[in-house]
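Order of writing sets the labels: A, B, C, D, E and F. Residues in every chain begin at 1.
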Amino acid sequence: MILELNSGDTAWVLTSASLVLLMTPGLALFYGGMVRAKGVLNMIMMSFLSMGIVGVLWVLYGYSMSSGTSIGGLIGNPLEYLGLAGLVTDPDPGALAGVAFGSTFAIITVALISGAIADRVKFSTWAVFSVIWATLVYFPVAHWVWGDGGWIGSLGVIDFAGGTAIHINAGAAALVLAIVVGPRIGFGTRPMRPHNMTLVMLGAALLWFGWFGFNAGSAFAADAIAALAWVNTLVATAAAMLGWLVVEKLRDGHATSLGAASGIVAGLVGITPAAGSLNPVGSLLLGLVAGVACAYAVGLKYKFNYDDSLDVVGVHLVGGLVGTLLIGLLADPAIPDNATGLFYGGGFGQLGLQALGAFSAMAYSLVATLLIALALKAIMGWRVSAADELGGIDLAEHSEAGYDLSPVYYSSKVQRTLVLTKDDLPETAKTGA
Amino acid sequence: MKLVTAIIQPEQLENVQKALVRHGVAGMTITEVSGYGRQRGHVEVYRGAEYTIDFIAKVKVEVLVDDAEAETLVGVILQGARTGSVGDGKIWVVDVGIVVRVRTGESGSGAI
Amino acid sequence: MILELNSGDTAWVLTSASLVLLMTPGLALFYGGMVRAKGVLNMIMMSFLSMGIVGVLWVLYGYSMSSGTSIGGLIGNPLEYLGLAGLVTDPDPGALAGVAFGSTFAIITVALISGAIADRVKFSTWAVFSVIWATLVYFPVAHWVWGDGGWIGSLGVIDFAGGTAIHINAGAAALVLAIVVGPRIGFGTRPMRPHNMTLVMLGAALLWFGWFGFNAGSAFAADAIAALAWVNTLVATAAAMLGWLVVEKLRDGHATSLGAASGIVAGLVGITPAAGSLNPVGSLLLGLVAGVACAYAVGLKYKFNYDDSLDVVGVHLVGGLVGTLLIGLLADPAIPDNATGLFYGGGFGQLGLQALGAFSAMAYSLVATLLIALALKAIMGWRVSAADELGGIDLAEHSEAGYDLSPVYYSSKVQRTLVLTKDDLPETAKTGA
Amino acid sequence: MILELNSGDTAWVLTSASLVLLMTPGLALFYGGMVRAKGVLNMIMMSFLSMGIVGVLWVLYGYSMSSGTSIGGLIGNPLEYLGLAGLVTDPDPGALAGVAFGSTFAIITVALISGAIADRVKFSTWAVFSVIWATLVYFPVAHWVWGDGGWIGSLGVIDFAGGTAIHINAGAAALVLAIVVGPRIGFGTRPMRPHNMTLVMLGAALLWFGWFGFNAGSAFAADAIAALAWVNTLVATAAAMLGWLVVEKLRDGHATSLGAASGIVAGLVGITPAAGSLNPVGSLLLGLVAGVACAYAVGLKYKFNYDDSLDVVGVHLVGGLVGTLLIGLLADPAIPDNATGLFYGGGFGQLGLQALGAFSAMAYSLVATLLIALALKAIMGWRVSAADELGGIDLAEHSEAGYDLSPVYYSSKVQRTLVLTKDDLPETAKTGA
Amino acid sequence: MKLVTAIIQPEQLENVQKALVRHGVAGMTITEVSGYGRQRGHVEVYRGAEYTIDFIAKVKVEVLVDDAEAETLVGVILQGARTGSVGDGKIWVVDVGIVVRVRTGESGSGAI
Amino acid sequence: MKLVTAIIQPEQLENVQKALVRHGVAGMTITEVSGYGRQRGHVEVYRGAEYTIDFIAKVKVEVLVDDAEAETLVGVILQGARTGSVGDGKIWVVDVGIVVRVRTGESGSGAI
């Protein structure tokens, strides 16, 4: 189903698509600041690679698999818009604006997963995983939820901007990968604190900023629902941040900046499916619950001993579930075309639907990701060597270091340059020290 | 009194620290340094130009001890720091005249 | 008064609201880079907290206090839109888009103040101050200036995007707090230079970027006035940057990057009230004056010995006054529905009005902030202990450090994790070294 | 030719202008992260200064020179819109929105050049160069390409968003400056690696984000062409990133984050002229070619021994040529009002036109820049002293340091403050240690 | 000749520097180090996980002096560095053989 | 055995390193330090307030050598480090008792 858009709607959707595209680098910095200095570039690169790979896949067949004519509610016809065939001649901007907007969702979903396996996986395995997971998990699930005729959406499950298709989906995959890949050396006994909290705060800020496009752009029009989603995205996030900080203050004695950043993301995740269905006070409540729940949930990994390094499970899976289920309670029937939540006298119907949608997507993601992860483990292997992990994955996988702030030269001898052979070098450079 | 200085691998600091503390050492001072030696530095790539980092991150540990303790302590550090691979570092010992604790002004063994 | 918006206008207002929301993290980074490394997170957190607190207050009663039906020109009826009641059913996006846009202004105004009291105040006192000041100072003053029937706006005072309601208001509050809180230890004798100028430049860039939403979004339509405000926001800022740099070059011998960043902010502040009333050449002049004036004004704190740490007074109060008053001289009658400035033969009328508005808001802010600040001083106290201030407020208040770039582990012993009791820990972790 | 815009179009053009404005600070950070720590502020300042200088020039006469009534196809009448005279009364937002959008292009074109002469040029010479180059090179060339009646555009050469007017133009100027200014001390023998790759990645992200405004905004309407340009800007960039990374992996053994960032920029440059003329699969191909070509081209400077420090030639000149010429092959006639490329049976006609436009602009830029550069060398000199260069240009030219992360005070004695004379200082501060 | 080494609190550097310069010392070299000792490190919280920073930032000051000057200098540093709280640091003195000024090549007392 | 310590200009490290390696030195340890001395620090401006950086970035090079080698080595470093301008630094030599290589535990000359 391709929507018709007037110029105001088109402006808003293209703006939103740009905002959401920025979220992936935002995530890269958010994640990158949280790992140790020796792994910052690899962490950033896992997200950037998703922009490259999923960006290309989306144009080739991803859009078609998600938005093509439904084959039994399970998958869009991958051949229908192969290479976006036919869309360039459509004079209505709706088609290509939809391609634009959808691409950014696919990209970030894959990138989200990477936080669970920081500092220890082969870049090549991550690349292959991205291709397979996007194809076998994301594109189908996106079709189920949003595709015309997709089976989850058809049931009446509400997922405004991706609580199920994106956050539960990615969070479940993250849990599987964390377990299959195994913990970082030293997990649980050595503190691994964020190396650059200013990057984390910047990343959180870019995420929040971009998320206005994510949520309010999902109205696919510049209308009252978009404005409502915007306000809900503000207030739920604000409340979640406060919730997380209060938990920290009471429990740990200090409210941290990492807590603020985490609370922001928890709130954003929570409100994502619900942004078009709740009134602002309902959103405030949802945000508060999401912030508090996730603040506790991030500790589960120590309890159950899986190294979900940057808390993708604790924030995205848990936050996604909170948001998706609370719609069943808080959906405000005063909003046009909306469901009615339990608290507004709507009974358990919507709540049941929400649970069905959420757990179906989660179950599929868990199983499919497990199969992919085990296959890759057998074929390519996931982990870099222990020496490389200890020495730093940036050097091992990318031959680079994140920072060089020293005024001293510690290096020498240009050995090879790209269009040169050794013979091209000046005599001095050849002999070296 | 003696000043025992050890250049060790950064990853071994935790071990060395634990070993020293278990041995009864109450204090030490550490410095981030860079070492050149038999161990080869890693190679970095910058837009296709390759170069080696000659100097490798190391940690210097300095411990003041009574004369009698010095040799034992070298053994303790050796134990904690050794991984068996090239680049494990060096330990050396220097004679120290005066030692004073700034807070109290007391000197000699009591200052350590 | 709720405006009706078409889809193009809605797209622009929601885009602008998103841009302005980004300004607060931009400010956080701008401020954060300017303090010493040991206080960067606290500085950032003061702004982020404002997003949490004021975001929630705005939805609960702030919007209603600012934009509700005027009670005697002094305050909007706080009950009218309590919790934004009734707005979700409005099919016109204008209502909620107005809520969205207005929220971001409230948030940043509070955040602006924090620059005056860097590195030394209790986070809890700041939190309480935010709640009270937003409620007793910002919401009313915003109503005076922009509310339907607000007394300042009704006089014909021009404040297009917040020179009076925001910058003069926040600048005056900053002056009071700097004095009540007292100087940092070492102020005036120890140089306290910015610890990370790249953050400052990034922050300045995000501010400028967001400010296009701030100013051009204040047209509340995607029309010619919005485009004019955009161009004025560019040229005034460009000129102010040049003005500041030239002052530095002539006076100090060097044009600094901090000067460029400061000049940018000075120009943005200056053009804020005037962006819809001046032609571009007038804006260029205004920017130049604002840049030069603020470049000198930031030295006043040494003269009068108040520690306005990051020059909120020198830039926002002074810049806000410059911009507000120059409207009286430079308002171009060729712009539709505009006043006529002195230089265009309009006499002293508009200038008098501008002065009246500016000084009224300033006086109110000075007095009200003083009372709030003194009350909090008596009840909660403002300052952290001297030891905490010297050791670094990030550690004292947030138990965190901004950066950890070292490859060495300096830490040990996980003592407690959130969902765990000590008994959950492995034996080794319990005994430690 | 001033376009009429409806509110949706206006929203999109103003949004795009804001996005493009952000690209210049994005470039500043991208460049700034790549130099050594001792030159980061100077690098950033070269871009920021362009925002100041070109922003002012554009309003004064730049817009008029580019967009005024054509004088013989060579230049717009500079007096027509001097100081933007007359435009404030136009009720259609098209005029001022065009001013806004165009300003950001002029600003970044000048800033782009600075990457070729990192770490070694006098800030004052750079300032003067900016004024002259914008006036004598950019404004005319922009008129040739986009001005109503400009000679290159009139021939039918396609340059959707500035492959010729911006990237080839700036890249050619960069080549000339790199040669005239001469290499950094140690170029070719000492590795000069990026000091902060997180800044580089952030900068690349802001560039990509902003570039959606650059390209899709160049449709000057919120329509299907804008959406097409958006999608093309995504996929070409994604493919270019992958292309660059694959080259690195195969050639060097490692895919680097600098490679990802560079590939992104190469792809963006490449698709710039072509974003409205290719279908998405064509754009994918174009991106791949641009990524691979530039990955090799950045090595040319070692071969020919000119110190194009941050590869402006290798990425912008080469990428601009690739994109401009490939239009001749890949232009898809299914797109309304489009040319027909060789691969679609259109023959060599368009390819010839593209080459003519590209090389004409390049030739003019080379010659004009050479004359300007030599004149400035004679009159002002380009280089700071060797001691200043070795000690760090940030200190020498701006009296600042980028970072101060140490907890130790290394400094003393405030000697002079701006509104103070020495006599104003307290006795202690005067005598010092 | 002697090398006087002091480990002090970073905040006391300014004081120590002033005291030394007033005393007539023309040069010194300082290093940022981390100290382990009786002084307890601060606690940090990371998403609810608590841990202590064992090592505390200190500054090492090194001054070359004539033999006769060494003891006096220890007193001068002591004065400048003392705050009276745990963690004030240590001072020690080591014998030095050759001392050379790089610029001129002159050695001995004249090199300082 | 001796420990030769040199404080040099950071820009001279490459030279010194090359000179030492050519001379047959197999290892060294370097530390980034800050020096106060005759050389004046640069001036920075911060919103119109001026101040001087008293301490200037220097590099400390430490090399363990056999007693007999020490003096020659001082000469080698001197050569590599000298630029002739104020601030070129100092070299000094200290007696070392024990020296041990961590990897093997061997001590004395063989440990270097």
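Definition applied: contacts are C-beta pairs under 8 Å (C-beta built on N, C-alpha and C of every residue); 3 or more make two chains touch, one makes a residue touch a chain.
Note that this is a predicted model, so its numbers are computed, not measured.
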Any chain touching chain E and chain F at once appears in the list A, B, C, D
In the contact graph of chains, the distance from chain B to chain F in steps is 1
Interface of copies chain A and chain D: same or different residues on the two sides (over or under half shared)? different
When centres are defined as mean Cα positions, the distance from chain C to chain D in whole Å is 31
Between chain B and chain E, the Cα-mean centres are separated in Å by 18
For the pair chain B and chain D, the C-alpha centroid-to-centroid distance in angstrom is 50
For chain E, residue numbers touching 2 or more other chains are 14, 17, 30-32, 34, 44-51, 54-55, 94-95
Among chain A residues, those touching two or more other chains are 6-9, 11-12, 15, 190-191, 193-194, 196, 202, 222, 251-254, 256, 258, 295, 298-299, 302, 399-401, 403, 405-407, 409, 411-412, 414, 417-419, 433
Contact graph of the chains (line, ring, star, complete, other): complete
Within the complex, chain D is touched by chain E residues 10, 13-14, 17-18, 21-22, 30, 32, 57, 59
Residue positions on chain E within touch of chain B in the complex are 2, 6-8, 31-38, 54-55, 58, 60, 70-71, 74, 77-78, 81-95
Interface with chain E, chain B side, in the complex: residues 1, 3, 17, 26-31, 64, 94-103, 105, 111-112
As the complex stands, chain C meets chain D at residues 6-9, 11-12, 15, 19, 36-38, 188-191, 193-198, 201-202, 204-205, 208-209, 212-213, 216, 221-224, 226-228, 230-231, 234-235, 237-239, 241-242, 245, 251-258, 260, 263-264, 279-281, 284, 295-296, 298-300, 302-303, 332, 334-336, 392, 403, 405
Contacts from chain D onto chain B in the complex sit at residues 191, 193-194, 248, 251-254, 256, 258-259, 262, 295, 298-299, 302, 311
